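Below you will find the structure I want to go over with you.
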Amino acid sequence: MLYSIVINSAPHSLHGGTSYNALQFARALLRNNHRIHRLFFYGEGVYNLNAQAITPQGEFDLAAAWQHFIDDNSIDGVVCIAAAARRGILDDGEAKRHGKAAATLLGASELSGLGQLIEATAVSDRVITFG
Amino acid sequence: MLYSIVINSAPHSLHGGTSYNALQFARALLRNNHRIHRLFFYGEGVYNLNAQAITPQGEFDLAAAWQHFIDDNSIDGVVCIAAAARRGILDDGEAKRHGKAAATLLGASELSGLGQLIEATAVSDRVITFG
Amino acid sequence: MIQCDLLFIFRHSPYGSSLGREGLEAALAAGAFEQNMAILFLDEGVWQLLDNQAAEHIARKNHQKMAKALPLFGIDKLYCSADHLHQRALEAEALAMTCQPLDNSQIKQLMANAKNILSF
Amino acid sequence: MIQCDLLFIFRHSPYGSSLGREGLEAALAAGAFEQNMAILFLDEGVWQLLDNQAAEHIARKNHQKMAKALPLFGIDKLYCSADHLHQRALEAEALAMTCQPLDNSQIKQLMANAKNILSF
Amino acid sequence: MTLHILSQPPSHNAFQSGISHVSEGDVVLLINDGVYGLNQALSGTWPSVARQAVFALEQDSLARGITAEPSALIDYDAFVALTSRHNPIQSWY
Amino acid sequence: MTLHILSQPPSHNAFQSGISHVSEGDVVLLINDGVYGLNQALSGTWPSVARQAVFALEQDSLARGITAEPSALIDYDAFVALTSRHNPIQSWY
């Protein structure tokens, strides 16, 4: 089946983050021969792809794990551009355009609009949200 | 009276952010001739001082307001170094030490340890948390 | 029958978290792409519909005004939980916009008939 | 009498949010600075005390082990809500560490006597 | 005498836990989404000890469209005054 | 038939709202802090329609020290299987 996953929660959130659950679920999808149409990082979920985050030695690096998962499996990883800008997650173009010091978006994914979320719901057999 | 304020919530959080309340309260303290010993940004609160965040035109820029408040009133603004590192809020030294692209901490405040929180509770007449 | 392909469920208050606004922005995007969609307001989400919001007092965009744009995007299937209105002493007539209260079994039917749900 | 200068109130679960861990780290720091302090576990916070946590299954640091370091930092005034244990079908004896259950009026007394409260 | 600050709505366990731990002489201040509990408080569904002294932040109430008798609504200056008269301050969130 | 995913603990309104909107034939999956509700579910304090088919993610349960009869605990492969058999998927958070 064709799946899309919406990730709406941050790695270190007050609210109760399910972003590790989302990663494990995405891995299990491929292991069970399903396909992933898109990962859509929205709201606080954009922090999952923060290139600046530093994981203490000996702890699990969720940002790196997302990047490897997206790269190794050629997944379409999309980060909502408006949600990301508010939270300071920028690619090269956005950082230059707004005069900010550096790109902070991990390389594997790209910034785009909410149309990518709506398209994903229209073409996928299943849409699952992790909030 | 001497106050310290703990800010534990982010500007754009899932949980229900009181960081705007914290800023307004801090301003009211000075207006009413109280003194602020320290602002301590902890947990998700470190995002309040994210230099990379972009506020859409016409909307209130909370990060800039914190910076001006801290600068204009020579407030001791401390950001927990461990909580900030996890969330990618780094000063020049931390960014270089970890090989990250850029400093992302707004200039007015400084990274330090939890001892600064404990000292603040010991010497202040009042400690108030915004979560 | 109460039916849609894409169901938005809004469970959070307009200003207490980022979910209120970001959910609404996602719904407006779906409207722009002409999806067969509906919005269901549950729990604290029903506060999004309250009239006389004056968000300038907290330096925020007025959620009520954004929500009123929904019909302009062709989004007219707006539902809320009658129970959750009642628990908050709210009347459907006092809301800022037309929104049909559903009972528990109608809500279950709406969810069961949806192809996909986006929850905020 | 149940009394302390600095009272930590932990109301959140160990892994569901960042508050569990970051609260504990703040408490350990206070212990290192030899404050006259106590910790009160309320609501979902009582789950922090549960035995047999195996956080390696979710790639996290074991909260129970971190909590067990509290006495090593001289932090031995550990309290929890008897009501909140009971609501979760937990017995004080089944907890991973010694923690005195307080009733509602004892909790109110503890709060009233504190000089400052840090809440996580 | 403790100042209890409630910033979550009434359906949240932080709000419920807060009003169950109010002592004689304490004050309750509703801020942020806590103001959704104001009319409930005034109409008497809370424990009586929690209802002795309840205030809501005016700006947060107006923003959300919540109205109430003016005496229950306070501004930030009055918020500061409450914190100077009460200690400790417990935030339920 | 809907798959309801509950990731908040029982004291959270997301959890309570979730179990009050379960229909005949639906499945409930507890993940993250939702697993704290497992024994409550099995012991029968939920509405009966919500108790027909309740599972908890094994890894999240073990991490938190929550034990239950093995048949109620499932791994991520079984989680995927549930999502392929049920639609829509509603996350209560």
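Letters A, B, C, D, E and F mark the chains in the order given here, with residues in each chain numbered from 1 onward.
In this section, contacts are C-beta pairs under 8 Å (C-beta built on N, C-alpha and C of every residue); 3 or more make two chains touch, one makes a residue touch a chain.
These figures come from a predicted structure and were not determined experimentally.
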Which contact partners do chain D and chain F have in common?
-> A, E
Tell me, please, which chain's centre (mean of its C-alpha atoms) is farthest from the centre of chain D?
-> C
Is the contact between chain A and chain B built from the same residue numbers on each copy (over half shared) or from different ones (under half shared)?
-> same
What chain is the most remote from chain F, judged by the mean position of CA atoms in each chain?
-> B
Chain centre separation in whole Å, for chain C relative to chain B (CA means) | 34
Please compute the C-alpha centroid of chain C, do the same for chain F, then give the distance between them in whole Å.
-> 25
Approximately how many whole Å separate the CA-defined centres of chain A and chain E?
-> 38
List the centre-to-centre spacing of chain A and chain B in whole Å, with centres computed as mean CA coordinates.
-> 26
Multi-chain contacts in chain E: which residues touch at least two other chains?
-> 8, 11, 13, 32-33, 59-60, 87-89, 91, 93
In chain D, residues with contacts to at least two other chains = 13, 16-19, 43-44, 58, 60, 116-117, 119
Mind pulling the residue numbers of chain A that touch at least two other chains?
-> 8-9, 12-17, 43-44, 82, 126-127, 129, 131
Given which chains touch which, is the overall layout a line, a ring, a star, complete, or other?
-> other
Provide the full list of chain pairs in touch.
-> A-B, A-C, A-D, A-F, B-C, B-D, B-E, C-E, C-F, D-E, D-F, E-F
Okay, in this complex, where on chain A does chain D touch?
-> 12-17, 20, 59-60
Partner chain E, residues of chain B touching it in the complex = 1, 3, 8-9, 15-18, 21, 24-25, 27-29, 31-32, 34, 125-131
Partner chain F, residues of chain D touching it in the complex = 13-16, 43-44, 47, 50-58, 60, 64, 88-89
Enumerate the contact residues on chain F facing chain C in the complex.
-> 1-2, 13-14, 17, 20-23, 87-93
Report the residues of chain A in contact with chain C in the complex, numbered from low to high.
-> 6, 8, 15, 42-44, 82-83, 113-115, 117-119, 121-122, 124, 126-127, 129, 131
